[in-house]
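Here you go, one structure.
Labels run A, B, C and D following the written order; every chain starts at residue 1.
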């Protein structure tokens, strides 16, 4: 039996005495997009950050391919990290402003693969093409790029790690409507081509309805229901 | 005669050796009693128009054109005359309610000062304001006045600002991006707020927004802006239901509920605008003419469209 | 180092004729040449350091040669700025004094910059108890006003070049540490650092590639302006007779000696002070310019 | 309120830490202390100091105890009896000597602070309002030199001009207002320039805020916008910097007092350092640090008063 890509089990988070959320459970299958809907301040971003290991929940389990990442050793977890990636809400701070776009794009490759310069260049260009970036975008500093272009670069650099699972935290809420559609369509295309799964966090129900297979509703710190959107996906 | 008439308004911001063309040659009229919507994506120049009307842009901005309000050209008024219009005849509801209230002054004082300059008794004015606040869904307004802005929620701040702007029942209310940065719930509240303002005060309103839902709900006529100019102008329902200009079409079908169809590319650089149609690069049905000649805005089916092929669209 | 991949990429594009027109990255020099005051200050600084470096070869007299029969001379053709109470040529002494001040100031600022950056970075990045500890120490060091702390240290250690550098560095580092800590605190929360973390990069990599390059700009500005401030402090301590040994030519000490003859030979007071002012002004202009160049939309607030 | 208690606690901690730091600093040379005491008590007989005498002194002053124990004794005495040591030279309690000198320093630093605040703030506001006009440029160049000139040099130049050449005031003296003019002027110049710079920057930044634009849109006259909306906000960073400038003033006072033979703590500190009177040095440093911390505590209270976001945060 194969495990789902990600299973979250009774996740809970407390800051001091106030409970941010509790009893959060869901799982995401390969190639599936799960939407997470909630108001601002409902703790949905914190859930996403817990999954990628940027914050430690106060209770519960997070299983990636059946392995609990919370009880893992530091080294072991670092090895697993490339498989679970995150896209953030604010494009303007998502890339290092002191590095040009291309350097930002291939950074994960430099960290993880021992690729030589030539193959780095080649792989970088492949990724750029995959995400619809043109060469003139790649020689600029992030300050000279638009929000949509930056989110493309972010996607490209994430795809460099060939992840299994991506947490997308409001990836388009700072973008214009016409660009939002571009990015969401690109994410769908990447899913079709690589089978990656998404947790799409948003306060925009219409967006979630359009691109998700299932939507989890977060209310008062817990998931009240998970709705199936009929998109003909096999689970 | 219309209440507000804008003729050939252009705004440039000098940036180093170049200039950013924020608004180029915009003309439209707002009739008495109507709600006119200016819609467009970020950077389309819509907010700049709102600020330019009341001469609130920084001094470095180069402005040309005419703004005729009740027969007066606002651009040739003396500062003291202009002050008589600001806040009294034309009010502005600025975007970003958080930044528009002075953080170190109590809310009460910030409401009160509107009356100070108008030879209206402060107490009388405050009474009126408190009534207005209640009407605009603010509970316990007396207490609000003793608080500081940071102690209010985003939605409450917006209502407070709305209340200040409506103190004198202005002839024209300019609302700049009232739903920007608000929660979905507060956003829904804003729609209620503006429907109410429109119904109860019935005065002329210029609504600047990127929110098509709000525009459809509240506006009578809409002008769609792209890269600093108006590309389409018509009745709200016509623009949003049967758009003519390819950009408007694209904008509408990019909405999630209309299919999330992406518009390719992005707005052109405003320092070096393209020679032909500004939308040419992103347009799905551009012809040879489009890359060479900049289209003029022309009458089309009761509205105005800026496209070489409007009759084909 | 940082741009190697970018350069490789840009070169490749150029070869393939994809990229011809757009040139990025030359902004630093472009902005530098837009600021005339900055250029002026740079030229003045280069000239001045040049004079200081080659002082032994250009100065008209031996700065330490006593000629008692020529004491307290007014400026003349022979002695452009006059002579002091031992008959030493004032111009020669001011030039040689520049070496003392500049080299000590550079040393102090460099030491404080490095220490401050390292400690501030550790405090900001690791947080928790490390931050708590370092922050308290910073607070205590910053609660000594002005040169008081340096005075006390010098009082215990006694005069000397090394002691002076040590005392001033002990006083200065905390300022850098505080600025660096604040910078790191805000940068480490930004998404590009978080995505480096989720990519599996280790702490050292993140600090080296992301944190320090993005945090350092205000510290460079601070350091530039600080060179002037340290020169002022050196002069102050020497003026009080607790800075450098008496035989080292230094501006503050010269002022102190000259003030005895204010009535008859005021130029002995005026010229060394002018030299100090001149150098400090240069570094102030440079610092201000650096701020505009490194960060054109800096968030207001002066450093001093 | 909670915030202020926290600040007061922090201040107490800092004073303690500074005590410890200076105490260990003063005793960092092992065995040196006994020798120093001996030198000061047996004037003229230094050469003949014997091992026996040294060890006698060591045991009388507990100098053989480990440093932390000595510090413990010191703190105990300081807290219980206000005894923070005895000056070697004057052979009197340090605290007593400090109280004699305190008024002069408070007078000088206070006067300079007043000058720095009044002149710095008003010139800064003026400069901001005249942004990029001639007077603004002149003021900025003057401040550039103001922050760059050594205070003691200014003092000497002032003496040359006003005392020696024009013979308007005496070089030194203490007691009447006339004596205060030159020292206070020399000491405050640097701070005037620094405060002015910050005021100018802060004022300009505040004037670019959105609530200023909204105040304009409300129709308020310029003077009201500046006095009511801009000034209070612009003063926030200035207040902090003024507190910080107190440090520069106290540090600068050391030299200025020395030049003008002003009988304050600063000149006492310099004399004690020259005479290696370590308990006195320590006492002076403590006194100055405490003054600095006190001023900043007051500044903190002021700040919370100005900024409601902290008060009700």
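Keep in mind that, in the parts below, a contact is a pair of C-beta atoms (placed from the backbone, for glycine too) under 8 Å apart; a residue touches a chain by one contact, two chains touch by 3 or more.
Keep in mind that what you see is a predicted model, and the values were worked out from it rather than measured.
Asks: Note the shortest touch-path length, in steps, from subunit B to subunit C.
Replies: Contact-graph shortest path, subunit B to subunit C, evaluates to 2.
Asks: Per the definition of touch at the top, where is the C-beta contact count highest among chain pairs?
Replies: Greatest count of contact pairs is found between chains C-D.
Asks: Could you name the chain whose CA centroid falls nearest to the centroid of all protein CA atoms?
Replies: Closest to the centre of all protein C-alpha atoms: chain C.
Asks: What's the distance between the Cα centroids of subunit C and subunit D, rounded to whole Å?
Replies: The answer is 23 Å.
Asks: At what distance in angstrom does the C-alpha mean of subunit B lie from that of subunit A?
Replies: Roughly 35 Å separates the two chain centres.
Asks: When the C-alpha atoms of subunit A and subunit C are each averaged to a single point, how far apart are the two points in Å?
Replies: 45
Asks: How many angstrom lie between the CA centroids of subunit A and subunit D, rounded to a whole number?
Replies: Measuring from centre to centre gives 54 Å for this pair.
Asks: Mapping chain-to-chain touches, which pattern fits: line, ring, star, complete or other?
Replies: The chain contacts form a single closed ring, each chain touching exactly two others.
Asks: Run through the chains and report each pair that touches.
Replies: Final set of chain pairs in contact is A-B, A-C, B-D, C-D.
Asks: Give every residue of subunit B touching subunit A within the complex, in rising order.
Replies: 41-42, 183-185, 210, 212, 250-251, 254-257, 260-264, 266
Asks: Quick one: which bits of subunit A touch subunit B in the complex? Just the residue numbers, please.
Replies: Those residues of subunit A that touch subunit B are 39-40, 146, 148-149, 176-182, 184-185, 203-207, 209-211.
Asks: What residues of subunit A sit close enough to touch subunit C in their complex?
Replies: Touch residues, subunit A against subunit C: 52-54, 78-79, 81-82, 84-86, 88, 90, 93-100, 102-104, 106-108, 110-112, 117, 120-121, 124, 135-136, 138-141, 144, 154, 157-158, 161.
Asks: Could you please specify the touching residues of subunit D with respect to subunit C in the complex?
Replies: Residues in contact with subunit C: 10, 13-14, 17-18, 21-22, 25-26, 28-29, 144-145, 147-153, 156-157, 159-160, 164, 194, 197-198, 201-202, 204-205, 237, 241, 246-252, 254-255, 258-259, 269-270, 272-274, 276, 278, 281-282, 285, 288-289, 292-293.
Asks: Once bound in the complex, which stretches of subunit D touch subunit B?
Replies: Listed in rising order, the residues of subunit D that touch subunit B are 208-211, 213-221, 224, 228-229, 232-233, 236, 306-309, 312-313.
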